[in-house]
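Structures incoming, each one as structure tokens.
Shared between the two complexes below is chain A, which has chain B as its partner in the first and chain C in the second.
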Partner chain A sequence: MNRLKADKSAFVPTKTGKKRHRLSRALICLSYFLVLFPLLILFVWSFTGRWSWPHLLPETFSARALGELFGGYSGAVQVLLSSILLSTAVALIAIAVSVPAARAIVLTAFWGKDFLKFIVLLPVIVPATAFAMGVHMLFIRVGLSDTVVGVILIHIILCLPYTVRIMSEVTAATGDRLEAQARVLGASPKKTLISITFPLAMPGIISAFCMAFIVSFSQYFVTLLIGGGTVTTYAMFMFPYIQSGDRTIAAAYSLLFVLSTLLVFIVLERRIKKYYNIEDVFFFS
Partner chain B sequence: MKLKRVAALLLALILGFTLFISGCGRNAAPPQNQKGFDAVVSAAKGTTVNFYSWGGDEKINKWIDTVLAKNVKDNYGITLKRIPMDDTQTAITKLMDEKQSGVDKGSIDMLWVNGENFYTAKENGLFYGPFTAELPNFQKYIDQDSDDIKYDFGVTVDGMEAPYAKAQFVFINDSSVTPETPKNAQELLEYAKKYKGKVTYPAPPDFTGSVFVRQIIYDVVGYDKVNAAGTDKEKIKAAIQPAMDYLKELKPYLWKEGKTYPASSGQLDNMFADGEVVMDMNYDPNTVAAMIDKGTVKDTARDFIFDKGMIGNTSFLAIPANAPNKEGAMAVINAILTPELQASKYDPSNWGALPVLDNNKLSDSEKQLFDKIPLGKGVIPQSTLLSKRQPELPASVVPIIEEIWQSEIPNK
Partner chain C sequence: MSYSKLKICLMLLPLSILMAVFFIGLINGVMESFGVFPAAGLTKLTFSYYQEVFQDSGLTASLLLSLYISLTASVFAVAAGVLVSTAATVGGLARSKFFQIVKLPVIVPHTVCALLMLNLFSQSGLLARIAFQIGLIQNQEEFLSIMFDKNSFGIILAYLWKEIPFVILVVVTVMANINGSLGEAAQNLGASKWKVFINVTLPLCLPSIATSFIIIFAYSFGAYELPFLLGATQPKALPVQAYVEYIYPDLAHRPYAMVLNSIMIVFTVFISYFYYRLESRLKRTGGKNEPA
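Let's look at the complex of A and B:
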């Protein structure tokens, strides 16, 4: 039976092709829907007063979330901007650490390599609260508690498991043969770095940046514990509302959270594409 | 060989680190403030006060950011910085870590706290004080002999925190949905039978779920009997058994037949707003007005209380022992205890928190500040609430009751 079917389809390839085409389009539409529909709900909730069962649409609308976010008194917008700055700094430093670390892990052999790989993953393995309290005790001792540097450091530590992992995969995929080739052909180490190493690593760097940015941008507990009052972040404003169940305010905060993250990613990608003059690689736009 | 060396090295490192940690700890005694309040005010001028405050309510946050911040800026030249928390325990954890490491200059100047967190902080010497006696407005406006001021969940305050707001537990329903307002636990059971599957309460240890269970205990057993049982788990269990039997009887009529409970007060508020349940409850009697004002429920929603009375508590403001700006915090707390700010805080369009000042100590014009504030929609008048006020149980008993509920109710 199966064979017969297979034979039949072999004779009419276009029809199956069309079917496949339709299927893939349906899948694409479905994934768009799965991503965009929750965002749409967040958008509607941001302006909802009352929306009780069984109403399909909100019964009343309210602008109180707009007042909270943009009314000026809560300071949400300033905090959003400073949080973006903080998380960008964290992501950049995390990458600056991860790229050489990943190269060392993948391309060289050294004593204790497996142990190092394991250590890097620890922040995601150890329960977050226990980990944060341990780091807090240590930071108090070395004078990093209640400082911006301390907050940046703890965020970086939490980002490293992801960024090192991503950069290791990318480094393993590209290897160092092209670099060797460039050196053989007479390129200086600097030239090799700029013309070969960075462009090859760039897709990985962008993924790692995004991951690190998101990890840092959504930290709440450690920022409060390590930073004290010196650093207030957007997540610190947002989480109490999510926890207390104020859906209108929480939805508005979350929506702005998602949109500003997306904006950062798009700006980053545009800049990098422009710098490297690449058009055929698509990350976000 | 190699492995052994690595192990030895690791062990040495761990040992060294532990010694380092334990060696560094030293106890910082809170400095005794001998200066008069004028000196406090002049020292506070131009400083910043970091106020750690639960940040889950838009109205409270707005009141702090606008009214309170402006008031202390104008009167004392202080910049108030609000640090939002989703759980006050985070601040207590931070103070504990700092205490263990002997940090005598932390980052928290002022903290909104009560109940178990105050108990933990007091037991561990995390707070500065006693300081309330030094505040002119505390002397002038507060009834220092009232239990609401002297005790915080059964723990003596001893001047280690100043009252901020009073709260009292209330039930909420919508008169257009259910006209009845149960007046005792028995009537609540009938109510739950009538609206089967549409009544529930948050699962303790949620703050509100926990006080609901205590409220049932008060109504079925009585405050005196539970309080007399002390802190022994077996004795408490024996004392509250009739209340546990009541909750078991209530269980099959609850939402999802009592097999599961909302995890938080916020979730129950949302379920009530959505019409999924017909009854809500909150430790803040003004919540209903706030919900009507926000538009999440209809204006036919209202508070109701049991005839025997409802549990009330006071929330407080404390200054950590390692606060970098104790003078600033004291000045802000003194400002909060003025009739102007207490009245503004009482206004339901701002926050709606019950004031902590003693009405007998207010002048006529000061009394008017409170009298002219309209009662929030659906809210029971303050005088009725206060006449039906029952004290909280000691903070150490609360978790024991939560444990008993956990083992007796959900899975049986």
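Let's look at the complex of A and C:
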């Protein structure tokens, strides 16, 4: 809020300045519209009974899609829940791997550091399709294909560029001086970890969790190939509906996907922010 | 604090193991493209698959299509994303709760993006209906075919809807931080608001902007979902074509898929290495304290 006021007072009301200001407002409003309008249409489609050409509004509404999702016969809810569980596990393991690695990368010097920093980026750069097809044969040989463990492993690898990067930035910003101080003042390593390291890293951990969760939760191709149809995630489950012509069902599945991701994030952020008393904006709430 | 060598190794061990799996996967794929594929009874190193694929004109068409899609999508996404971030920073909105709405598409998967675009831009979509209602067209078929067309507008639009917010997510916080701290200092020294923005804030944001560009470029070059759902039947984008070859019933056909994959791997690794060098240079010239 302070920054907002400072900006306004520093703002010189010249003619062009005013015009630019209005222009930037208009641009922001336009982007709100462009983001929300397609989602609004998705929402409307989810509850549509009949909406034939060339009507601008649906002719009839129906709760057919609600039955499909929550009626119990499609199994959508079970897949959704197990999918959320899988992606949560992926995100947590990715973070557990990234936190110590980021500390080593930022706080210490070792041989091959620049090389490591480069190759950690690669899973997000190299097409996941090419990686998945390459690793597929390998996984078949060691018995990891068609298993949940195999899918989790692949998802973790695809999350690492994000989680390592985010945790590195946070570690670089906080450093380890406070921890050193705590140790000097007599805190045990465990106590230092719980009351200094974790709270300091928490904003980064939340961002990293959100990013990893999205990467895993929306993964389609890789899960299809490595899971081989025996491991079904929600992203896979809804794919055939999107391909098919039934817009109402497809829209409802999509809407549920977006809403459940939002819910996971909001619950997580609320809880952790409250616990650690953080006020920054991370992702949404 | 000091860390022993052993401790550093332990801290990096899990990451190293996972990265090793990643590389073994890539190398395995590349080996298969050279015909080393024991599961199909192939063991001899050969360049023949490469020769065959390169002689086929289909490869060039797929490669050009993928390049066209990813370049167009990433250039426009970054331009628009930076523009919106600028507007938000200048308007002092970057931290407002309401502005976070703009980041919503980041959590929407590409498959759903495809559906959103179909709802709006297909020949039975809302835009076509509006065009009909105001008398621009007389029937569905007269509406521009945006989806499934050779010009790939549908794919590009879907990428833009999803990736512009990604650019904003990466850039806007950095931009607001720099403009807030250094910008105020420069303003106090008498520089005008826009001069500060162009000469101080924007150059310092370049690493983040470049990062978002390279991620979007590489992603849209190698992603399967959108070209599969919204692409024309011919030519197919590189990843889609690769999967078509991959699921060919005869296992001995698989090296062809791996040739396409290897082309994608080499291309993206090369680009990202170039980017990595550039980024380290940008960081060095752009000042030491790179914002978190």
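Following the convention adopted for this analysis, the second predicted complex is superposed on the first by the 217 of 285 C-alpha atoms of A that agree within 3 Å, B and C clash if a C-alpha of one lies under 4 Å from a C-alpha of the other, contacts with A are read in each partner's own complex, and residues count from 1 in each chain.
Following the convention adopted for this analysis, a contact is a pair of C-beta atoms (placed from the backbone, for glycine too) under 8 Å apart; a residue touches a chain by one contact, two chains touch by 3 or more.
Everything numeric here is computed off the predicted structure, so don't read it as measured data.
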Touching partner for A:49 - first (chain B), second (chain C), both, neither: first
Which partner chains sit in contact with A:68 here, chain B, chain C, both or neither? Use first/second/both/neither. first
Who does A:221 touch here: chain B (first), chain C (second), both, or neither? both
Classify the contacts of A:176 with the two partner chains as first (chain B alone), second (chain C alone), both, or neither. second
According to the stated criteria, A:185 is in contact with first (chain B), second (chain C), both, or neither; which is it? neither
First (chain B), second (chain C), both or neither: which does A:142 touch? neither
Please indicate which partner A:116 is in contact with in the superposed arrangement: first for chain B, second for chain C, both, or neither. second
Most chain A residues touched (candidates chain B, chain C): C
For A:230, is the partner it touches chain B (first), chain C (second), both, or none of the two (neither)? first
For A:124, is the partner it touches chain B (first), chain C (second), both, or none of the two (neither)? second
Chain A residues where the chain B and chain C footprints coincide 53, 133, 137, 140, 220-221, 239, 242-243, 247
Can you name the residues of chain B that touch chain A in the complex? 20-21, 24, 50, 52, 54-58, 61-62, 65-66, 81, 83-87, 90, 93-94, 97-98, 100-101, 103, 106-109, 264-267, 269-270, 273-276, 294-298
Complex interface listing, chain C residues touching chain A: 1, 3, 5, 8, 10-12, 14-15, 18-19, 21-30, 32, 37, 39, 83-84, 86-88, 90-93, 95, 97, 99-112, 114-120, 124, 126, 128-130, 132-133, 140, 161, 164-165, 180, 184, 187, 192-194, 214-215, 218-219, 221-225, 229, 239, 242-243, 246, 257-258, 261-262, 264-265, 268-269, 271-273, 276, 290, 292
Inside the complex, what are the residues of chain A that reach chain C? 3-4, 6-8, 10-12, 17, 20-21, 23-25, 27-28, 31-32, 34-36, 38-39, 41-42, 45, 53-56, 96-98, 100-101, 103-105, 107-108, 110, 116, 118-135, 137-138, 140, 153, 156-157, 160, 164, 169-170, 172-173, 176, 179-180, 183, 214, 217-218, 220-221, 235, 238-239, 242-243, 247, 250-251, 254, 257-258, 261-262, 265, 281, 283-285
Chain B-facing residues of chain A, complex: 49-53, 60, 62, 64, 68, 73-75, 133, 136-137, 140-141, 145-146, 220-221, 224-225, 228-230, 232, 236-237, 239-249
